[in-house]
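Some structures are shown below for you to check.
Two complexes are shown next, each including chain A; its partner changes from chain B in the first to chain C in the second.
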Partner chain A sequence: MLRYLTIFATFARACLVRDMTFRANFLLECLTSLGWMSMNLAFYLLIFSFTPEIGRDSGWSREPFFAFVATGLIINAVVQALFMPSASELAEMVRTGGLDAILVKPLDAQFLLSMHRFDFSSLANGIVGVVLLAWAVPRFPVPPPLVAWLLYPLLIVCGVAILYGLIITLAAATIMMGRNQSLYDFWFYITNFSRYPAEIYAGPWGGPLRMLCTFVIPILLVVNVPAGTIAKPLSGEAWGMVLVTVVAAVAAISFSRLFFQTALARYRSASS
Partner chain B sequence: MHNRSESSADRVIEVEGLTKQYRVFDKPEGLWASVRGLFHRESRVIEALRGVDLRVNRGEFLAMLGPNGAGKTTFLKLLSGIITPTRGTARVLGHVPWERTDDFRRRFALVMGQKNQLWWDLPAAESFRLHQEIYRIEPRRFARIRDELVDMLQVGRLLGQPVRELSLGERMKLELVAALLHEPEVLFLDEPTIGLDVVAQHTIHEFLRRVQRQRSVTVILTTHYMKDVAALCERVVVVTSGSILYDGSLEQIVDRFTTHKVVTLDFEEPPPAEQVQRFGFPWEMRGPRVTLRIDRTQIAEVLPRLLADKQVRDVSVEDVPLEEIVAGLFRGASAAANTSTEPAGVE
Partner chain C sequence: MSGGVLTDPEPVARSLPAGLHTWWRMLVICLEERLAYRSDFAIGTLMRFLPIVTQVFLWTAVFAASNRSDIAGYSRDNIVAYYLLTMITRAFSSMPGLAGGIARSIRDGSVKKYLIQPVDYVSFLLASRVAHKVVYYIVAIVPFAIVFFVCRGYFPAPPDGLTVLAYLLSLVLSFLLGFFLEATLGMIGFWFLEVSSIIFAYMLLQYLLSGHMFPIDMLEGIPTGLSGVSLADVVHWLPFQYTAYFPASVWLGKIQGWDLVLGLAVEVVWLVVMVLVCRLAWWRGTCRYSGFGG
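Presenting the complex of A and B:
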């Protein structure tokens, strides 16, 4: 484990060196990312100028909702910084045979493939997320209890784990298929669901969609459960969802691991 | 066939009946055919390797020759554990390669001339550092080996330069340093000199020869350059259409596959064609230089007669160039293989 942490740190250091080599690009990426996020926040402020709450009696009034947005920013920043750059490179590596070099290294291939490239500029959004959370929490109608503060980081880790499982599953599909671009589009479509409170999915279409995105592809748990734990009272149902989230995280990691191993056994490599 | 008298304890690579098949889908031309292909695809099975048997002992430097698509790279990928075979067994350093155990992967290295393994945007020194962590090389040992290899190839000044700014030759030298940092017992080299100029090729030959001798590394080299083979390898394996056609020494390949020698005569001035025809052998003339192809058994008898010609200024007797022998082997084998493709299947 220590060895993997050391290698992780070495990769991170090497990526930082690379990012510093292209300083202008790094700053531009930070600015683009912050610009996109500022527009989103402005959009939400606009919505709250028309309504005091998103969804009837949902508990997502302005400050709790901004805690929800902050939680999403933190989770997505971690995923975008640590896993997405490597995963998005994978399709090209499979197509060109670059994956070969990874498979001959005496390290876990999944670790190497999912964590060899980082994008530190994405962490800028995470920092804004922490600041936004620090602004929103003292303005909650009811302050979060100690147990919510203890559960919050654990559930953030679970949210990241669910997204990581999804990324690895898509990456494994890439290895099996040799070429896979639409599945990365699928990633962006599906993760869009995680950006809004689960309560908005109601009615004859919304209800089944909510069930699907909670229990089959548990994308709705990723932000909703940690944000709900800190921003809303911990009811019996909330405790149930905490348990579901922990189970979903373990299942996502286990399933993606199994699928990845199966895909590697079927890897064909590319022509020299 | 190659003489292998060493004990099995010295055996580093053992391959039996290794077969690799790929199913490929035919993509017919035209829009309608493409639409039809969405529902009904014609496929073929391609046999990249057909039951290959091979044994390699510790410290051998073996060259694998073959035309494009012969199965050389597939063979190295199987021995490196990158892909799994359809049939057959292989053991490298006692391990089944495609089980990809860390213990096995720490003991070999693979260098691919056409693929970059160093980090493109970073200086090689950073990639080396990463390598040290991945292979768990103790810092002092790492520094010693790195400095030794860097000195041998004289690439010290390149270590701080981003890899993308290096020439192909410089990059390949650094790829070799990276591959050897963990002191592998087995080294797979897939066309390491491809695209390099003569000086860079020579430097890499010298380097590989020295490293192989000093460390008793077992090396399998695939190449299209006979200069690589002549400079480095004692044993040659010729692969065509996924099968081994020849396994033996470089000298034997000449003895076995040629019946004649090339005799070159330099005249004072271009001789008349009738005079050359009188020698009675196939000939070629370029200015005052005449090349004859003479049966090896007749050389001793014919040579004094040629030397007696007063107009001949110089005579040289050489084997048929290796490139020519190997090209002949490839042509013969590919003609035979053209009839043996697997039947088509449908999915």
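Presenting the complex of A and C:
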């Protein structure tokens, strides 16, 4: 474990050196990332100029909703910084045979494929997420209890774990299918469902969709449960969802690991 | 693609005048390339509708909580129809990879061949983009038809024939405007070697100001500091709205009569301006461009 931490630190240091070599580009990447986030925040402010909350009696009024957005920013910043830059290269590596070079190295292939790049500019959004959370929480009608603050970091880790499991599952599918750009785009479209409170998925279509995205592809647990823990009272149902999220995180990591190993066993090199 | 989807294009090509022959060849090459991955392409097109599913639920929740039947002149069904119609507009006006491709050809020197060949680079790009779009429509029509059939209940009655004609014209103009906007952006590569961040910033602005993110009418109440001028008024005079908002609003009957004529006229003016700016950028850029090696 210590060996892997040391190697990861080396990767991160190398990425930081490269980023600092092109400082202007790094700054621009941070700014464009912040620009995208600001646009979304402006959109949410616009929505709240028309309605006091999102979803009738959902409890997602302006400040709790911005805590929800902040939680999403923090989780996505970690995922984008740690895993996405590496995983996004995988489809091309499978197609060109570049994956072979990873497999012959004396390190775990999943570790190398998912963590060899670190995107420091993505952390900018995470920092804004923390600031946004610090702005929103004191404005809640009821301040979060201590237990909610204790659960919050754990549930953030669970959210990251669920997203990591999804990335690895898609990476495994890429290895199995050879070329699946559409399937990989699936990541961006499916995570789109986690951008809003689960309560919006209601009605004859929304209800089944909510169940699907909670218990089959647990994408709705990623932001909803940690944000709900801090922004809403901890009822019996909320405790149940906390438990479901912890189980889903463990299941996502285990299933993706198993699927990835199966995919590697079936991998046939694309080169020579 | 041997034994491919298309029949031998040569007899058709030989019967065409020389200029059209080039266009025909480019179209066939692009068709072959795209159709090779047609199922991947069709699934990808269908998936692009997934974010709209989220928007439908979001706006349904907003309408439910606000107890309003109308937001900025849109009912809930109107909003859903609007987002779906912007997908059609974006199918015409979006130019994936165009600006980045031009900038890359300048950076890696491959633009040199267009400087010494009797082929106009911008015309070549336009021809290949037409081919790209034709293939896209052939493959994407099935997923589009499925989604629009499923969502037919959200749409008002179809507009009259003249409005449909104006809508089609606005779509064609949106394609041309989108092309020249992005081509001009790519030519910034003559002045800056790395333009990816500039392109990303443009895409953000475009997403916000085109009405792709939300209908521009929702900006009506936002002041600009100028008396009587809202943010929506400013955005309506920019070219971006023609790449998403304008055609969708024409179909929904939000822009009618003289407003429609004026809108189309302004779109044509923007198109002419962008053609000229693109040509100027190409001319000035090639004047300062230096190519070395083989």
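Convention: the second predicted complex is superposed on the first by the 271 of 272 C-alpha atoms of A that agree within 3 Å, B and C clash if a C-alpha of one lies under 4 Å from a C-alpha of the other, contacts with A are read in each partner's own complex, and residues count from 1 in each chain.
Convention: a residue touches a chain if its C-beta (ideal position, glycine included) is under 8 Å from a C-beta of that chain, and two chains touch if they have at least 3 such contacts.
These numbers were taken from a predicted model, which means no experiment stands behind them.
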- Query: Touch check for A:51: first (chain B), second (chain C), both, or neither?
  - Reply: second
- Task: Could you tell me if A:2 is touching chain B, chain C, both of them or neither one (first, second, both, neither)?
- Result: neither
- Message: With both complexes superposed on chain A, which partner does A:35 reach: first (chain B), second (chain C), both or neither?
- Response: second
- Task: Would you sort A:21 into first (chain B), second (chain C), both or neither based on which partner it touches?
- Result: first
- Query: Which partner does A:216 reach: the first (chain B), the second (chain C), both, or neither?
  - Reply: neither
- Task: May I ask you to decide whether A:190 touches chain B, chain C, both, or neither, giving the answer as first, second, both or neither?
- Result: second
- Message: Looking at A:101 after the superposition, I want to know if it touches chain B, chain C, both of them or none. Which is it: first, second, both, neither?
- Response: first
- Query: Which chain makes contact with more of the residues of chain A, chain B or else chain C?
  - Reply: C
- Item | First (chain B), second (chain C), both or neither touched by A:199 | second
- Query: Do chain B and chain C land on any of the same chain A residues, and which?
  - Reply: none
- Message: Under the definition above, what is the set of chain A residues touching chain B in their complex?
- Response: 3, 6-7, 10-11, 14, 17-18, 21-22, 96-98, 100-101, 103-107, 109, 265, 267-269, 271-272
- Note on the structure: Counting only contacts in the complex, chain C reaches chain A at residues 37, 40-41, 43-44, 47-48, 50-51, 53-54, 57-58, 60-66, 68, 71-72, 194, 197, 200-201, 204, 207-208, 213-214, 218-219, 221
- Item | chain B - residues contacting chain A, complex | 22, 73, 77, 80-84, 100, 102-106, 108-110, 112, 114-115, 117, 119, 121-122, 126, 129-130, 133-136, 162, 190-191
- Query: Which bits of chain A are touching chain C when the two form their complex?
  - Reply: 25, 28-29, 32, 35-36, 39, 42-43, 46-47, 49-58, 179-183, 185-186, 189-190, 192-193, 195-197, 199-203, 206, 209
